[in-house]
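Sharing a structure below in structure tokens format, with a few things to ask.
Order of writing sets the labels: A, B, C and D. Residues in every chain begin at 1.
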Amino acid sequence: MSSGVSNNSADLRELRADFDGDTLHEECGVFGILGHDDAAALTALGLHALQHRGQEAAGIVTFDGDQFRSERHMGLVGDHFTQQETIDNLKGPYAIGHVRYSTTGEAALRNVQPLFAELDGGGIAICHNGNFTNALTLRRQLIRDGAICQSTSDSEVVLQLVARSREKKIVDRFIEAISQMEGAYSLVALTRKKLIGARDPYGIRPLVLGDLNGAPIFASETCALDIIGAKFIREVENGEVVVCTPGGIESYFPFGKRPARPDIFEYIYFSRPDSVLNGHSVYDVRKRFGRVLAQESAVEADVIVPVPDSGVPAALGFAAESGVPFELGIIRNHYVGRTFIEPTQQIRTLGVKLKHSANRAQIEGKRVVLVDDSLVRGTTSLKIVQMIRDAGAKEVHFRLASPPIKFSDYYGIDTPVREKLLAAKYDLEGMRNYIGADTLAFLSIDGVYRAMGHENGRDNENPQFTDHCFTGDYPTPLTDLSDDVDTRQAPRLVETG
Amino acid sequence: MSSGVSNNSADLRELRADFDGDTLHEECGVFGILGHDDAAALTALGLHALQHRGQEAAGIVTFDGDQFRSERHMGLVGDHFTQQETIDNLKGPYAIGHVRYSTTGEAALRNVQPLFAELDGGGIAICHNGNFTNALTLRRQLIRDGAICQSTSDSEVVLQLVARSREKKIVDRFIEAISQMEGAYSLVALTRKKLIGARDPYGIRPLVLGDLNGAPIFASETCALDIIGAKFIREVENGEVVVCTPGGIESYFPFGKRPARPDIFEYIYFSRPDSVLNGHSVYDVRKRFGRVLAQESAVEADVIVPVPDSGVPAALGFAAESGVPFELGIIRNHYVGRTFIEPTQQIRTLGVKLKHSANRAQIEGKRVVLVDDSLVRGTTSLKIVQMIRDAGAKEVHFRLASPPIKFSDYYGIDTPVREKLLAAKYDLEGMRNYIGADTLAFLSIDGVYRAMGHENGRDNENPQFTDHCFTGDYPTPLTDLSDDVDTRQAPRLVETG
Amino acid sequence: MSSGVSNNSADLRELRADFDGDTLHEECGVFGILGHDDAAALTALGLHALQHRGQEAAGIVTFDGDQFRSERHMGLVGDHFTQQETIDNLKGPYAIGHVRYSTTGEAALRNVQPLFAELDGGGIAICHNGNFTNALTLRRQLIRDGAICQSTSDSEVVLQLVARSREKKIVDRFIEAISQMEGAYSLVALTRKKLIGARDPYGIRPLVLGDLNGAPIFASETCALDIIGAKFIREVENGEVVVCTPGGIESYFPFGKRPARPDIFEYIYFSRPDSVLNGHSVYDVRKRFGRVLAQESAVEADVIVPVPDSGVPAALGFAAESGVPFELGIIRNHYVGRTFIEPTQQIRTLGVKLKHSANRAQIEGKRVVLVDDSLVRGTTSLKIVQMIRDAGAKEVHFRLASPPIKFSDYYGIDTPVREKLLAAKYDLEGMRNYIGADTLAFLSIDGVYRAMGHENGRDNENPQFTDHCFTGDYPTPLTDLSDDVDTRQAPRLVETG
Amino acid sequence: MSSGVSNNSADLRELRADFDGDTLHEECGVFGILGHDDAAALTALGLHALQHRGQEAAGIVTFDGDQFRSERHMGLVGDHFTQQETIDNLKGPYAIGHVRYSTTGEAALRNVQPLFAELDGGGIAICHNGNFTNALTLRRQLIRDGAICQSTSDSEVVLQLVARSREKKIVDRFIEAISQMEGAYSLVALTRKKLIGARDPYGIRPLVLGDLNGAPIFASETCALDIIGAKFIREVENGEVVVCTPGGIESYFPFGKRPARPDIFEYIYFSRPDSVLNGHSVYDVRKRFGRVLAQESAVEADVIVPVPDSGVPAALGFAAESGVPFELGIIRNHYVGRTFIEPTQQIRTLGVKLKHSANRAQIEGKRVVLVDDSLVRGTTSLKIVQMIRDAGAKEVHFRLASPPIKFSDYYGIDTPVREKLLAAKYDLEGMRNYIGADTLAFLSIDGVYRAMGHENGRDNENPQFTDHCFTGDYPTPLTDLSDDVDTRQAPRLVETG
């Protein structure tokens, strides 16, 4: 996504061929605006700024005072939503939109959000970032009760629950529905008269409230406000339901209040570096991760080289702390966009070189510290270390600005199954040996918390963040994973065409 | 569709721009087969033979023993279902398919059939030819009860009713569902173990049962059996539900038995001329329409000229009866397929000439009898008469091998609203004047019945056919048209992307 | 192309996979107009009427007073030239256009006409229908002289010769160029100030001159005049060069005058039935072929069935002469357009049934006479005979409204190599046996001439027509076929992308 | 192209709408390989590494021992040349390829290289990086002599001259042809037996010779060798013609030897930072530009911010020299690839924000030094300065790591016409005022030379580099620009389809 400092979503995507493919997991971005003449165009721009959160599909639904209008497409926001005709179809001053990253095989259009339900005398469209950990269980029950689920998305469950609620008011129906959901969610919903933003009780996924000339806005990150010149108002709080109408904004806390526990991974790699989360500049945090990492795992070296683009801020921090020069020792080729769709075998074998090349003049004969944000399966790191060695490096030291990822995510980040995670397979020496570095070091879990400003590190009684990928400490039940849930009894429809 | 002898569906399509757009009306073709290794490919071929019943979209669903598999595409069967990859996706020995003709604005993929519902412990896919006349009313009730309708198709209602049925057995659920439906329907449904064919109590739309080496087949017309070399077994009877399993075929008459009343329009223009309906060769019937027409409305003339392709059989009958030579005085250009998608203004003004040209040598200086199957809005007839005059005809006599169409269809044929029907606006002389012919004559309603072998013509007490377009005699209630039904209270989703 | 009465170009196309692929052979249609505000749109319409002469590509070049403008596309005229944007690009009151039918492997855009050459102080665009029989020989010489040929089309040679001519005036350069060409050609050329139409010394391929409100028009057939309401003025004569300028029309006969010898195949199957060639209605001629055929090869029968669409007029003539009823015993499916691009094996094996179906009710138990226009390889006839037998015919008698094709064409019709021609492989009994008919008969060569009004049949001293496919009598030298011409010495460019 | 450190080609592209459109100017990349089984795939990879030199089209021609084979496509290398089918078409162990960046309106396929000519008994394909400054003049003469130019590319002229040469040997014909050409060129040519690389007498555009397991390779930059693991052998020298055959490599200097004068712009922005040109690491040079700039134009500041990606190395050098911290204060959105094809007006007005966003936390309240590589029209710089101010910068100082561009390029770089160059319109203060910075400074011309290692700066008698964009000192005649050359007398073909 962003230059010099992106998340590793492309890296993750590459891994997907090997995934076990629990297809209800995905990472996404959401946006909504109420009461602006250019609602659809502004939503398209907001989604463009959130493109790093999902590149496989995008959708927008508007309400024009009479009808809801929908455009949903596979591909990037810029592939479709820059066409005048598309924006013209999306009439009306209310709009919500979604960018989506999905796993192979379920990339069908039917799963592209916003999802919509016609209600008695109304209608509701919903966008979801996160993952419901009891969606399969609820879905089974809904189907037993006669519901027809057209998508295979976990997000449809909340729509079905809204449709079936016997509450009179739409906000009550919405709250009744989400009350039944477990897991992580930032939701933006659109009805005929209301724009609703909601965040799960722990505030795992981000959601902010902004304002553009009086029009309230919800967005996953502040960068989506910046692109359209909107003001940041505040974070939607954990467990909060914010309801915007032309008359004003109301706030509900249907689950009571408790301390937030946002996902630390938004800081590590997911959010855009120019976004501000909970008052922290993501870029600054990443630099601090690099600084603490340099303190914890210093090494004699000649040059600090980031793995582009995601390792850049941490590498700058590492270099500043260590006093070793920072150089762009790896050059990234940005033209690979669609290259991997049908690679020839010849191209496949060249692997990492299609995307990265060693800047030999900065590498040759030097002791190189490579800095990356995180290590997932290690297959790319392995190739990068080899490439740096081939370019003549005297030593290669690998430094990760996050702790070892030992556990899968179930809250909307598309991680491999545990067995594929390098840190779940090997100890530190095993990992070092696998990727072929001279030394390997990770930021400690307490280092993460200290970099976030918690001097005493992680509060193990009441952890300040959701950090299960490192600790295995999942804040919510993982109902669908329990042995009682048979997720496959009913034959599904595989829609290839 | 077929050469020299096609229906006027292209004509109707041209009219659509002017339609009021009651988007639940459509004409379709259905096909299903149980227990053949090439089920999907055979279904594609059957649909190809039924292509004249719907050219805008096609879909096939198979069951592979584990999953249902779906391919649904806008366009012709030959555009998509001739690709090996597509057929390969459609694994399994059970298949049903659908071709569809829809009106502008609702040509979205979500409405393309077969429609599918995952059921508790099962699943069902449904194809529908016809139209439910109480679908909107039921849909309103379903939504009030919390159902989410993803399509805007009337056919989805029967699927929702199946999903909500509390019956245990799938056949009972299916019968409970169709028992609530009014209107015209030939349905083909696929479950994990059964292939079901059903026809409405009057048998308005056609459905036949065939067999290919022991594999039972349902199809809208016999031409779909012929193309794959299958045997014709029998018509599915009016009000019959036929359930095929690997173990055999069972028949149900849940509504009791009554006399059939098939739609006469299948003979007039809809079915393919090489199909055999209820024991009548469609081609022969059309020739007899021409013969009776010649008896009823003879005229001194030099040449009988069909309006191609649909008027050819009637013109042959007319020529044989009258003794006047038959000539192809109008040549049809078959390359217009996609021409009208974005016509230039220059092309638009040339109108009929893009599709038809006068064969001047057969026309010049002659008294010409033009024979067509039916007259809808008259706009094309008007241009054809003018073209024949421009080619030097001395006289132009227009003969229609069906009675004046004065009433709209609500059973699955996409007719204009009544005010657009020429015969609803003018008397015979007014129509003659509008199209500019020297004389104009229609086949009488009794002539139609006599040509069908009913010597005494129409039995007005118990009409042998559904013929409401000519008589206004609709065999079923038209519930959705009643004043009590507000079909628009809930805002719908307009899906353009 | 035209309904009920088309040529067998689709049939030929099917054969192409087996062709030896002498890629300079093709059949085409040409059109040109000088001095009309809607020149490009009218040219598109004219090409649409000529679409039966070539369906693989179409192109138009205009001159806007300053620049030549070009749009050339693979596909049908209606696929591209109905878009407003395309027509808008083709500014200017002068236009020429071309439809093209080419053989596999050389269907590259670089060969799509009109071809253009920038000249010193000018420019010229050329469209060609026919085939130069010394093009390869001249091409070799041109390349030795330093010319760069961008296309592999024989037509480019005439353009190269125009470019290299040392004559001052463009008309003189054009005449010098065509004077070096052998073979068949109808050419339409556009310069900055002139529209030129030219026909080879024998007038093998057709070309007519028309007029639309003072704007002169050239077209391959009169049907292209009819579609735009233009007047037919006269045929361009054999060996004539007609030069149109805003000031008037001039005629040249650079090769002197001699009797014309037009290609008889234009009557047999190539031209549209509503066209008038040399004063003969093509439709009438075909009916007369059928009448003479019935006189020559009568047979006891119950029904006369045309092979659609091309056999219809001859079958009508046969039926009229024999008194046996004409019936549409074979129905053609017009939706096959793109079916054969990537057929599945299952579909391939069904062969002819995708395009044709037996109208069983007209066939069963009857003695059937099948009438077709011509017999090429016999592979389709074989399947049709079988299909008619499968439908229950008692006897099948095959009648061809032309003599046996024993020789390949080298004048622009894409025939198989000789060894693939059924009549070159077998005698009459062998052919009958191959296609499986009870009897087989062809129209005699003298019968052809009598049907054309030459009472005494063919004048073997001075044949009235080019009829080499039946007689082997080629009117021009076939220079490129001589043993001295090595057509492959220079490596060519195979352009797949 | 490369991450964090790209050229400003996108910037230039944006400007093109305003160009006067001298369509023969373009920047390109070339590649060639002789004698490798995977020649086409390796060429595709080499072109992928050179993608930053041209993104609008790519082409490869191979020779398979019998035929030349060609694939040419609009779009990125990765869009087409990663498909197995495409590579399979490009059989043979010899291959050359080209990436191209062209101006609007002439982006037609006919101009995509390699260009090919069939010769008597042979054939030649040519790829060209650079621009011939007498191409129009020669083209006029060629057309007068009867040549037909199919492309509008200046590169075709050299092909025409080869075709017309009366020399016997292909190398002699090639040398005779290039001897007539003026301007800048790096050429790679392929014949049936030879791979030729040639560089103009001044060596303005780059070309290197490499080796992969004995197979000689030509490439525009060393990065194309690195991606396939090939060894760098040496630069092709200025004025050298290198001829590779399976038997070995021969070198010719047909124009004698003289000092080289490579284009300084390759260092400033065009080449990839990881390429090594004439022994200089491009990345290192750019850092030195930044260091010298900091020496020449220091300023009190809090943060050094590069304009991504092209300004990054210079900014790193500036920061290192000045001791002011380097921060990524501007984040680049890499998903804009195809966004600007059809932007809505709403999106257009947001301008720079679609591609760049301010990293507010690094900007707010700070004195910011923006570092970019060069200033062309200033329209983007203007927006970036405003964006930084909007993000709360206290001061904005703009520093350019190259001198003011006052003159257009005619050697293959697509610069605006002079009147559009900001430095040609304004003095320093005028430029500062236009872009709205607090201070503005450029690297001096002597500073450029010093950074390149020439301690005494530019040798004005014998300049070490081609630097006309800054100095107006064009090393070759600009024949086509002389008043005597009427470049438009002949009407050209505008090919839109």
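We adopt the following convention: a residue touches a chain if its C-beta (ideal position, glycine included) is under 8 Å from a C-beta of that chain, and two chains touch if they have at least 3 such contacts.
Keep in mind the model is a prediction, meaning the values are calculated, not measured.
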Averaged-CA centre spacing for the pair chain C and chain A, given as whole angstrom: 61
Distance between chain centroids, defined by C-alpha means - chain C, chain D (Å): 49
Distance from chain D to chain A - Cα centre to Cα centre, in angstrom: 37
Where chain D touches two or more other chains, by residue: none
Chain contact topology (line, ring, star, complete or other): ring
Every chain pair in contact, whichever chains are involved: A-B, A-D, B-C, C-D
Chain B - residues contacting chain A, complex: 59, 61, 63, 66-73, 80, 86, 89, 109-110, 116-123, 125, 140, 143-144, 146-150, 159-160, 163-165, 192, 489-497
Residue numbers on chain C that touch chain B, as the complex places them: 1-6, 38, 41-42, 44-45, 48-49, 51-52, 55, 76-79, 82-84, 87, 223, 226-228, 272-274, 276, 281, 283-284, 308-309, 312-313, 316, 320, 325-328, 331-347, 350, 353-354, 357-362
